[in-house]
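The next part holds the structures, each set out as structure tokens.
Both complexes below contain chain A, partnered by chain B and then by chain C.
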Partner chain A sequence: MNILQKIAVPVVAFSMLAGTSAFAENVKIGNIEPMSGPSASLGQQGKAAREMAVEEINAAGGIKSLGGMKLELIYADSESKPEKGVAEAERLINTEKVHLLTGCWNSAVTYPTTAVAERYGIPFVVPVSVADKITEQGFKTVFRIAAKDSWWTRDQFAFLKDMQAEFNTPVKKLAFVYENGDWGTGFAAQWKKLAEEGGYEVVLDEPYPSTSTDLSPVVQKIKRAKPDVLLLTSNAADAILLTNTLAEYNVQLKAIIGSGGGHADPSFMKAVGKNAAQIFDIGEWETDVNKPGAKEANEKYKAKYGQNLSGEAVDAYLAIYVIADALERAGSLEPAKILEALRATDLSSGPGMIVGYDKVAFDETGQNKHAALVIVQVNDTGNGLERITVWPKNARRAGYTPVFPMAVK
Partner chain B sequence: MLYIIEDAINGILMGSIYGLAALGLTLIFGVLKVINFAHGSLLMVSMYVAYWAVTLTGLHPYIALVLVVPVMFIFGYLLQDIVIKPIFKAEKNVREPITVIIVTTGVWYILDNLTLLIFGPQYRNLEANPLRGKMLELGEMLISVPKLWGFGAAVLTTLAIHLFLQRTATGRAIRATSLDREAASLMGINAYKIYNLAFGIGTAIAGVAAVALVPFYNVFPTVGVLFDIKCFIIVVLGGLGSIGGALLGGIIIGLIESVAPQFMAATWTEAIVYGLFLLVLFVKPSGIFGVKHDW
Partner chain C sequence: MTRNTLQRLLPLALLATVLCLPLAVRSATYLHIMILVYLYAYLTTSWNLVGGFAGVLPLGHAAFFGIGAYTSTILSLQYGISPWLGMLVGGVIAAAVGVLIGLPTFKMRGAYFALATIAFAEGFRVMVENIDKLGPFALNGPRGLQIPPLNFGLAEMMFSGKEPYYYIILIMLVAVLLLTSFISRSKLGYYLNAGGEEPEAAMALGINVARAKVIAMAMSSFLTALAGTFYAQLNLYIHPKSAFSLDLSFEIAFIALIGGRGSIVGPVLGALLLRPVSDFSRIYFGDTLPGMHLIIFGVILILVMTFQPRGLQEPLTRLYERLLDRLSGERRAA
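== the complex of A and B ==
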């Protein structure tokens, strides 16, 4: 025992006796998000949602089992770059001494960054990076709230099957067009498997760089391949560019199905306008979801930040409530205690539970096994363009009939 | 075959707009001998100016040129005069002052982040403009009308800059300074004034490129970065400082991006573009039209 430890032990012991309220210490939550760069828009939403949850929790008295300790958010900008995410995780853990980490939206950033948290044994709550492999590294510190990407594709194909039956319109030829990062290629690999199982013919399998300044070559390929249904995985700038270019080249399809991300970005509909009509998109959540508190939370968020809650924002919002719930049960800031509490999570009520599914509980890999998705159609029913929940059928907005196949424009 | 012609036309049109975006960069380099890392950001600022000019007045996007070009000229002129010139003076004995490059990098970060702060990360585009989504039908071929306008703007601007440099007294002074700063000074040319002018013109050209882009492209704070890298490749390809080379380099990149994806995944075109970039550096580092003795 060196001299520092000799001093530290009684000090720590004393501080524990004195109770945490005597010391203005907060629970520090480090958040690594893309605050600038191509995904900055999504990073900002995650930040706003986290802030709203933390304000609510702190206003309601903080973490009671820790003497009313407050939550404190510390941010780091990943710029959507894996190496930045890793460096920031090191900094947050070593310099800022955070108790938990959350992030990083981009799967490519989250994947290597969770390894840093695992090395230090710091709990890492992932609201919404969907790459399967994030929870398949055998790590003990990673917990993911959102459905993983294999579940997204699983639900996209289930939706496609249901629609064919409901509208008696067979679909044979599929085209896959996706950004060439971890996220897009992960989705595409699943699509290929599901297409084979479902007996579809894949007429185009096209990765493209998200930083493309011109996507008309890709759109030309889609047009020439003549698919029935186009499945897309795009970030915001390219989703806007693709949608407009598809309309310009008058590409006729039975359906376009997005994978969230750029298609779910609030600026997407504004920037694309009527070209977005009838596009399907899969997501975590919608503002028309029928859950207690959802409408109120959305109104509060909108008044504060001028946008509707997005799936990303709701997951981030819920993540903070999951963390608060775990801290409450842990009654300690020991990483091991927090981890144990997170593992035992069984959350089905509270302000955070405004998601489409009913429960948060993690399986042995750290994946929320109850996470589920909804599919929406962008359309105008007289109130301007909006995202209307259409699938699963029992969650469909009352009185809305999906347009399938797409009308010829 | 028809497909390839259609793709080639799109490539030439889009590529000419890349060339237009790179033209300002090559002009500034030719005169100041400095790589302006803030060029993409200047393009981004121009796009916001054009976006707001059209949104607030509701005029045809190309009429915004009347506003965007002078505003960007003044912006570039003052940026050089106030921010970059002092560094130049401090390093006046160096032919290619490295610190200026660092300053332009600083300008890039400041402009991008300032825009993010003021306008937020949202993607905007001119939804209701007369060029939006317009396609020209040539038999079975579809050609984008806003890109056609952009092509026209690129060719005219390149021609205008070429004539300006060749035929006017100011143009000759700019070329003289570009060739030999010392000698030009001895002939009574105020080199710093020429620098301000060249920077102003380079930025104004970025303004023209922005006007060509906004009718069909998104405006967001980091949009400059996407074009920045392309501009550097184009400028090296065409020859650093070469006016015609920028247009040609742009068209080459545009053609690769547009035609190659028909034979392979779109991802690979980036590899081809960078491969070509390396090849040019190895084989003919002065680019297609570059002046050899400059290197």
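== the complex of A and C ==
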């Protein structure tokens, strides 16, 4: 967008407030993402991945059933604040006249924002925002690509059980440390239930604000509680702070298991270096995933944006392909037609399908039934620190043996 | 036309214009921005009772805003009580809290008072963030409260369009402006002014400065809580970080400082300038230059503070007077 356009847009908007857009030849996709504020780096990754998918689709001839119509992305900054997300959704729908919405990464933003889309009947594709309740509102316009958080925690505990059996190392005491927002408290509630079912003892249950600049009180509590395994739910800045502080206090644990988010952020490994070694993390995707096209997509992304694809980026990338597939089948820009096509989605091939699972199809709540997760270990096998897929066992990188329990440092 | 009739007619013309504005502005987005302008003008005017007239700098009004938002929302979600009634309950609770905060803190001067009010507001936020249930009331901790958009209508203070919200907040704003202009000319206003400028001298004259300040605080907290309810009904979602946010307390103070503290029109001018700047720059730069709107906001603040430390209200009032002179051909009576 050049400067002239930037000035022209508000002028035009003001002079024809009620009029329809003069640029109706594109499919407009409104994207609400945290472009500034604490989760900005994740918002930027989502933006890059969407752009790459849209460029590919447009270069391949756009949406053929709509006469080669091109996709156009419009971004709005949520600043990770729910009220901003809600206001931006209203603006995108009313002023920009978008045909679809995607976003918002932060569950706390996605939750009220999807209610706006529902009110206007505009399809809302959520690439990744894990709070269960987002698809449990009885809404007809919400579709989520990624697994929801009850599936994440379910797999974290399944992994823990498998590891104890595989390495013959019993785990008794668990510590839960999590950011106190929607996401963290949602995970922690599931952990508590699973710990009870699994017969574990919870020795620490500690929420913290993810904007903290000092987490040593939390780390001291962890050290005193002496857990075997520490489960974390952190955003980027606090994941870095926690990991470094844990190393500084030399806290000995059998395993640290992250929940994606900050631990999966590319800035995490850069900022903590070897302190990240042997940390487990759950995620939807890894660069070593064994899927056709995955390696090429990652190389293209890395050349363009200077970092590897993350789980979040892949979800956003896939979301655009899911939207394109639905538009192709809908052959119309009417919200009702697009919604119907999204509901009938059954996508198992195409450039977007570089995820670990094999299919995208939505259940009646709008949740992708086939979404699944992998667990990785951060380690250095001679090529520097990398995320190595370790679980499920049949997806484990050939020749790698996970380190469990963690080596005493 | 004489200067006096002009002086009377112009505000009426302005009122007529803002009343008709929704007829011209059909876009929900721009109407939403106008609603936020009025909301912040209202909040800052309420704040001005203490922060402007009484000469202290409270930076914790988010506490009252949050109390208002949470009280009415809980009452309507759990007990089906209309937000209009909940609004008043929230206002009364906020006024009581305001008095409780005011009694010890008004003894402090300058920065100490400002810091103490920040501490109270942040304390409220942390408490609400960490409390899931307070007795029978579900606060829902950090997850916040969502109001399901089901019962639209005046009784439920919930509308599918923006126009009703526009008129509600406009009426609230006009009412609070009339109230402050009345108070500024009442005995209480003079007490506050005297107590703000020269507390010792005022006390020597037999004015109970502390009592005047506490009364002003109670009114200010009550009015702020009403805006909290309005905000909850507008967004249909509140959580501790939005309803009790420190940003809100600061933004109110910024608007007052830029517009002109202690004057009647200052808060309105400040909101009229700062709110659209913040919203439009987010809309137009949020995509290409993330974070730009925050920088623009900061630069404006610095410029105004450097060149117009008493707020934009001063030069603009002079301009307005000159306009009146020009239109009527009369000179202002000195």
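Note that in this section the second predicted complex is superposed on the first by the 385 of 409 C-alpha atoms of A that agree within 3 Å, B and C clash if a C-alpha of one lies under 4 Å from a C-alpha of the other, contacts with A are read in each partner's own complex, and residues count from 1 in each chain.
Heads up, the rule we're going with is that a contact is a pair of C-beta atoms (placed from the backbone, for glycine too) under 8 Å apart; a residue touches a chain by one contact, two chains touch by 3 or more.
Remember, it's a predicted structure, so these values are computed and weren't measured experimentally.
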Fit or clash between chain C and chain B when superposed on chain A: clash
First, second, both or neither for A:A40, with chain B first and chain C second: both
Which of chain B and chain C A:A361 touches, first, second, both or neither: neither
Which of chain B and chain C A:V86 touches, first, second, both or neither: second
Partner chain in contact with A:P112 - chain B first, chain C second, else both or neither: second
First (chain B), second (chain C), both or neither touched by A:A372: neither
Chain B versus chain C as contact partner of A:A76, first or second or both or neither: second
First, second, both or neither for A:A236, with chain B first and chain C second: first
Contacts of A:T213 with chain B and chain C, given as first, second, both or neither: first
First, second, both or neither for A:V202, with chain B first and chain C second: neither
Clash with chain B, by chain C stretch, listed 116-124, 170-178 or 278-286: 116-124
Footprint overlap on chain A, where chain B in one structure and chain C in the other make contact: 36, 40, 43-44, 180, 207, 209
Complex interface listing, chain A residues touching chain C: 1, 6, 9-10, 13-14, 17-18, 35-36, 40, 43-44, 74-77, 79, 81-84, 86-88, 90-91, 94-95, 108, 111-112, 115, 119, 180-182, 185, 207, 209
Chain A-facing residues of chain B, complex: 3, 6-7, 10-11, 14, 18, 112-113, 116, 120-125, 127, 133, 135, 142, 144, 216-218, 220-223, 226-227, 230, 254, 257-262, 265-267, 269-270
Residue numbers on chain C that touch chain A, as the complex places them: 24-30, 32, 129-130, 141-144, 146, 149, 160, 235-237, 239, 241-242, 279-280, 282-284, 286-288, 290-291, 293-294
In the complex, chain A residues that touch chain B: 36-38, 40-41, 43-44, 180, 206-209, 211-214, 216-218, 220-221, 224, 236-237, 240-241, 244, 247-250, 265-268, 270-271, 273, 275
